[in-house]
Amino acid sequence: SASSAPPAESDEPTSANVYLYQKPVTFNPLVAGLGAEALTMSLVYDTLYTTDPEFAYQPRLAESWDVSDDATEYTFHLRDGLEWSDGEPLTADDIVYSFNLYANPATASIYASRLAGVEGYDEFKAGTADSLSGVEAVDDQTVKITLKAPNAGFMSLLVGSFFILPEHVLGDVEPAALPDDEYFTLPDVGAGPYTMKEFNVDQDVVLEKNDNYRTDVGIDTLYLKMLTSDVATAQLATGEMDLVQLSALDLGAVEGLPGVTVSSKPSAGFLRLLVNFEKFPDELVRQAFLTAIDREGIIDGVLSGYGQPINSTIMTPWALPDDLDTYDYDPDRAKELLEEAGWDFSQEVKLTWIPGTRDRDQSVEVILENLKAIGVNAVANQIESAAQLPMIENAEYDLMVSGGGTYTTDPAASVAPLSCATVYPAGGNTSLFCNPELDALMAEGQQIADPDERAEVYQEAARVDNENVPYLWLYVPDTIWATSERLKGFEPHGDFTNGFWNAADWTISE
Amino acid sequence: MSLTETATQVVVDEEAKRLPKELSPDQLARRRFYRNPTAVIGVIVLAIIVLASVLAPLISPYDPSAIDLESIRQPPSPEHLLGTDSTGRDVFSRLLAGGQVSLSVGFLAAIIAVTLGTLAGVLAGWFGGITDTVISRIVDIMLSVPAVLVIIVLAGVIGPSVPLLIGIIALLSWPSSARIARGVVLSLREEEFVQAARVLGSRSGYIIRRHLVPGVLPPVVVSATILVAEAVLLESSLSFLGAGVQPPQSSWGNMLNEAQSLTVLSSMPWLWVPAGLLIAATVLSAMAIGDGIRDAIDPRKNK
Amino acid sequence: MLRSLTTRLSSSVLVFLLVAVGLFTLVRLAPGDPIDMMVPPEVDGADREAYTTALREKYGLDQPIFVQFFRWFGGLMVGDLGYSYSNGQPVGQLLADRLGPTILLMGSALLLGLLIAIPGGVLAAVKRNSIADYTISTVSVVAIAVPSFFLGMLSIYIFAVRLRVLPSAGMHGSGRTDVGDLLYHMVLPVCLLGLAIAASLIRYVRSGMMEELSKDYVRAVVAKGAGPARVLSHALRNSLIPLVTVIALSIPGVLAGAVVLEQIFAWPGMGQLAIASLTNRDYPVLIGFGLYIAVVVLACNLIADLLYAVVDPRVRTAK
Amino acid sequence: MNRMPLSTTRSDAALSLRGVTLDLQTPSGPVRILHDISFDVAPGEVIGIVGESGSGKSMTALTVLRLLPPGAELSGSIQFSGRDLASLSSRELREVRGKHIGMVFQDPMTTLDPVVRVGAQIDEAYRIHHRRASHAEVRRRTIEMLELVGVPDAAQRAQQYPHQWSGGMRQRAAIAMALVNDPAVIIADEPTTALDATIQAQVLDVLMRARDELGVAVVLITHDLGVIAQTASRVVVMYAGRIVEVASTHELFADSRHPYSNALMRSQPGAHERGEPLVAIPGRPPSMTDLPLGCAFAPRCASPYKNDRCFAERPELELSIDGRLSACHYRDVRQEVIA
Amino acid sequence: MTTVNHTATAAGDAPAVLRVEDLKVHFTSAAINGRKRTVYAVDGVSFTVRENETLGIIGESGCGKSTTGRALVHLNDPTSGRIAFRGHDITRPGRAEQHELRQKMQFVFQDPQSSLNPRMTIQEILAEPLRAFGRWKGNSGPAKAAELLDRVGLPATARNRYPHEFSGGQRQRIGIARALALDPELLILDEPVSALDVSVQAQVLNLLMDLRASSSLSSVMISHDLDVIRHVSDRIVVMYLGVIVESGPADQVLDQPAHPYTAALASATPPSSPDEVRQRIVLQGELPSASNPPSGCRFHTRCWRADEVCETVVPVLSPIDGAGVRSVACHHPLLLGMPAMRREGAA
């Protein structure tokens, strides 16, 4: 639960400067896809629950929740006395209203499909129903979500988006007109710890504390500043900045700075190589590639040690067995594997990536050298970001660098990148990988509500995945934060789009 | 033969003996150039840089792309003269390899641009009329196109690569050479020796070859040196904006880019100072040579 | 005068249209579908399809390319540059929002550049081959030879990080909107851009002055018994005439420099927008930006011609 | 033989040059452009300077007001109303320039500032030396001067820019500018060379009227012997940076003493019957950087008296027995027509 | 030394080499302010050049002398009129015809400094016309160059040197040698000596007179220097603002001008001796512009004899003496035999 922050020591208004690593465009949670937008919205809007730095669920609007034994009914109990920033009460109706918006085909929300398992979704989508029957307000403070089929991992789908919107403000707007509504350019009514006062294009977002928030908010004004990371780092040194998410490369610059604290957490993201399943169906080849890559070396060299290797597409700690093959760096072994697979060493292997991110660029350089070292005819192939998806769709790549998001919260999230049914463009399986055995295990895990049983099934799935090497997993980088001396109460979160999860607790002391 | 003529003949011969041989405008220009210390230093510096880059495969102590994760970001040492970068590659070797890229971008782009530009300018200036109108219009349009933006867009379209960079820089640079060449030809056209050539029955091809091109060459060479300097600078700026030479291929531009990181800027000077110095030295030498030639061929500076 | 203005204007319009067509074609040659960029990868399956189709329709990308062109062109004729792919805002609006800061940056830098270049160039020309001349030449050559992004980084490091006398980036301090704060934030980017401008202009001023000073009329002014100030004012006035054109022609270069510096100093102008729309493949914004530059260049040329006539009586009073 | 006949300044001279020697800085070192130039100009006199292109005529003119390129080294004296212009400070010199000595340059197309109205340029010449003059007074003076040199509609024409004036009118404006402060001397460097014959006649007319009406002394530089014949009373002949002869115009045309002057006179077509071969001077003047040891003219000299001495020893500008000034070893021998 | 027989009528009956009839050359240019402007550089000029004759064209700057000369060798395109060379119309020759014509008519430029390419040796310069007609053969070439140099009084050793090594007069002689390389029948000389120092111009004038004596070469000599023209030409035409105002034997026209302009021009020319007494006619007014010539007689704005007729009626060039040798275009010609203009005291 949120600890109440100590009130500001003096009447002097306090403010903090926070680095925003991207430029937000819209604050419409139905369609917003940028990390910086999510960060900003997490200050302005609230959600039912979120995750803490250990990726455990953390109550927010919902004080608690119950899950039915068959994992089909989720009941959320809201806190007492919730209010919007304009003083209006926040009730279960707002929650139902919001979920309906996400599911409503008219709003074209990019998150709609996450609610596909909810009862009534298909009807709503097809236009035969005018609301999402699976989400209902039991009373003012209780919301019940009913699923069509058991899904023990359902809650993980709602993390990171599904901000609750004020029905009393937006209720009269036609859902179809909602995406273009002016409210979203400067949402001034929200349930988050802050309300947005200004949005200065390419400069900053000015947030003022929400006096009607459920706890006392520690800092009066937040400035989210859009800069380059270099400048932001520099400003940390000049005192113009209080909170910066850093790249490992810039660590050196801030570590020596007086009064700057560096903290880190393993992130929710990772770097992997897509390995085209259609071109490399032989798992020996994929294993060989993985063995050839000096992942520890990359972590130590490129990330200055701020990262962890991964060995499975399933990443939730409790779903991982201890006996996974770690594919330690071993060029000789890699070569043997290739020879065993009857690899044609004259075959060109293109390593495709979108240049521009320093740690990726450097990792690519290492990987290319590693592959060449075992005799693979590896060549670099740089592309523009727009060219990436068509290339995947047409299976035109060999190896492709690809980042990825939150699979950590629940192993169910790993279905999309793995199952035969979701091979791109049908879904997020960008390696075009298919293994029915693995599909069966993943499906089984989704039906089981009991944590221990679930863990067992998923651990088995992880073993299969580990042996199959559907992706060449590289590493999970740590998310590194640097804070100034003035800023207190910051707790680092590995999911950088959720980095401001406890912003209400931050305070400033000069 | 009349007395005056005989006298003249004697004097011509006498003069030949008595007076030191007068220098032709070209010889004078050459002498003025060699007496200009800045220009001569420019030639020497540029020659050294070019030579080092050409001989890079022979003098590089390491393979420029060989990574060594054991020794990353090492300061200069006897093994690594200029230290190593963040994947442990030898900075000195990369500098030499980068020179090959940066200099070929600079020189090839300039050569192509100048050749194209001279050709277009000479044709426009000599034939005039519709040829001139069309070429001049194209030149005007090309000059109003923002180079950096076009390069970024095209690099996005075709995918950034060194040949593309050279091609586009050349394509965007030829108008300036064309303007210069056209201007010179327009004034040469009015020179009596060119008009004389027409009256004497010489054809356009001969006039262009014997009279126009030699006259156009010196100012065009000046513009070429400036183009080299500009292309080298452009390459580095484009690398900064992410549309230049792409890693792992090294170029001075993207090596200098390392300085974007405050850490590198403040505590790893060996990663960017040499690249920065080489860019500056190349650009300065090219400009000094250009200035030297310009001063040397400027008729107002006699003797 | 009027007649020449109309010919110039119509040829400018022609060039503008050609640039427009060229940009449209160029941008459409790009691989990849901008719609793909708009739909986050986590949207998959049938949803993705529906979403994609809807967007395609919304932006008219489902039409054949020439239909798209004529639509776009028709819009252009009435000042409608279309909508940004990445945020759906009108392109004209996006550009307009960022015009102010860019003009502020470029304008002040140009002013500063002239304030440095003119006295500097005059000094160098008058004290030809003196220490002052060599110093000025060297500084200007070095300023040209060092890439501006690098100077930008270096100056942030020195003035903001080390000495802490100037802000490192942005247009305003947090929560400040006053002019003093604005000026304070302008110091570094304006100085750097101004220096770059001055570095290239100073050579023109110097050689222009030297040329004028060697002309007969200057000698005639000296022969009248005029002091140095009077002599210089005659030469300066004449050497400024060609400078007008040089300045106009240097505007694209200034813009390119501004793009780079805006990027470094997080200056909320057109440059940042351009770079962002490049990475986002935001074609309408890109084209809008290209057209904006074309307009700036053509307008500057036109203004230069007019100014030329104002400062040069030979053109003004031609019968 | 009389050495240095001009060693003392004639007290009545308006301007008097003595031993003026000029070195210019060139990239390949200093070059002596003028050697020991001495001559006088009397008030109201027109003295002509003739000579081949590059012989130093213009440099002589510029030297008087020290309008020299940077690095020029000047020695000798230039006496003007009791002051030595060669040693005045630049401030004092400015007082003389344009006020006491006016200057008219060769090319009327380039001697006026193209972006300043003609009237304003003449105003300026007056105002520089009459700081307290009112605007109206200055303008009145300008119009007066323009009328004096024969510009019709002076008041209206003064409002125009130089390019709106024809070459002849511009040259008249330049003369007006030189006369505006009532100078004692006007130095005119080839004032009519760039003009058409009929216009040249007009401009020379203006100059001569100024001499007659205002009594100014005129130093007239030209390479046109016809102009000299028509206007000058005395002539200085220059060759390769030296004076080779000084004579009255009549003497020079009738009986020149230096072989160069002599050949020059006789190379003019007007002095010959139609179709008759002209006297040509073969070769070309020596380069200033590389003057021969002896007489600079010796290599081209066709005088029957030319001998080794001419190549070995430089003749000084001295008086001959009959009182004529020339720089030739054989000045006492009457130069014969070389046939 | 050769002396030439200079009777005015010597060439009078000889066949015409070149006949020019009503030649007009107009230039239309876009002025700075965008409006078109037409310069009537040559506006109806007719004359004949006979075999072995030197025709002088005289007039002030901008009156169209050069344009006329250049039109003859098609350096300027005639706007209208007719040019006939030995009876053939060559007003608008085809490419091949023009190429052939180059061998018959040659041109000598004003500035010997600029008319020789400083980057070529004398031999290359002389070879240029021969190469253009395939007449430069390996062995005979240098010999031909030496022969040409000999004709203009330069040693064969000059061949391998560059133009800057010669004096102005020598350079102009090289220019003439180059023009002679193709053995032309007609030589057009545009101010061949006006860029030269007086002492050097004599070299060139002497050469021209020698050439005429030794070969049957017709020439058109353009100059603004009356003394030069008088010295070398048989007949002269006087031009004013694009038209011919007077023509006739050189001595007669210059000594006894019939047209007031010729008279003014002759009197404006400084005498070659201070003792010569000359009644000077100083004209009023400036030269009008060729783009806006005065109506009627073009000289009326400056003429002291002008009346209303002159302002409106264009005078025609017509004979004024019985023999038809002299013509003038004037409503009020000066009486022939007026002594005032005579040169007195000339050697």
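A, B, C, D and E label the chains in the order they appear, each numbered from 1.
Basically, a residue touches a chain if its C-beta (ideal position, glycine included) is under 8 Å from a C-beta of that chain, and two chains touch if they have at least 3 such contacts.
Here is each chain with its UniProt name: B, C = ABC transporter permease; E = ATP-binding cassette domain-containing protein.
Everything numeric in this text was worked out from a predicted model, so none of it was measured.
In terms of C-beta pairs in contact, the better-connected of the chain pairs B-E and A-C is A-C. Chain centres were defined as the mean of their Cα atoms; on that basis the chain farthest from chain E turns out to be A.
Measuring from the averaged C-alpha position of chain A to that of chain D gives a distance of 91 Å. If each chain is reduced to the centroid of its CA atoms, chain B (ABC transporter permease) and chain D end up 48 Å from each other. Spacing of chain A relative to chain C (ABC transporter permease), judged by their CA centroids, is 39 angstrom.
Centre to centre, using the average C-alpha position, chain C (ABC transporter permease) and chain D are separated by 54 Å. In chain B (ABC transporter permease), the residues that touch at least two other chains are 2, 4, 8, 12, 22, 156, 242, 260, 262, 266. In chain E, the residues touching two or more other chains are 1, 166, 170, 202-203, 206. Listed for chain A are residues 230, 234, 237, 356, 384, each touching two or more other chains. Those residues of chain D lying in contact with chain C (ABC transporter permease) across their complex are 62, 65, 67, 70, 94-99, 102-103, 105-107, 110-117, 124-125, 128-129, 160-161, 163-164, 174, 177.
Those residues of chain D that touch chain E in the shared complex are 52-53, 166, 168-169, 196-202, 205, 223-230, 249-250, 253-254, 263-264, 267-284. Contacts from chain C (ABC transporter permease) toward chain A in the complex involve residues 30-34, 36-37, 39-45, 47-51, 54, 86-88, 97-98, 153, 156-157, 160-161, 164, 167-175, 263-266, 268-269, 272-273, 276, 279, 281. Here chain B (ABC transporter permease) touches chain C (ABC transporter permease) in the complex through residues 140-141, 143-150, 152-154, 156-157, 229, 233, 236-237, 240-243, 253, 256, 259-260, 262, 265-266, 276, 279-280, 283-284, 287-288, 300, going by the rule given at the top. Residues of chain C (ABC transporter permease) that touch chain D in their complex: 128, 215-217, 219-227, 230, 234, 237-238, 241, 311-314, 317.
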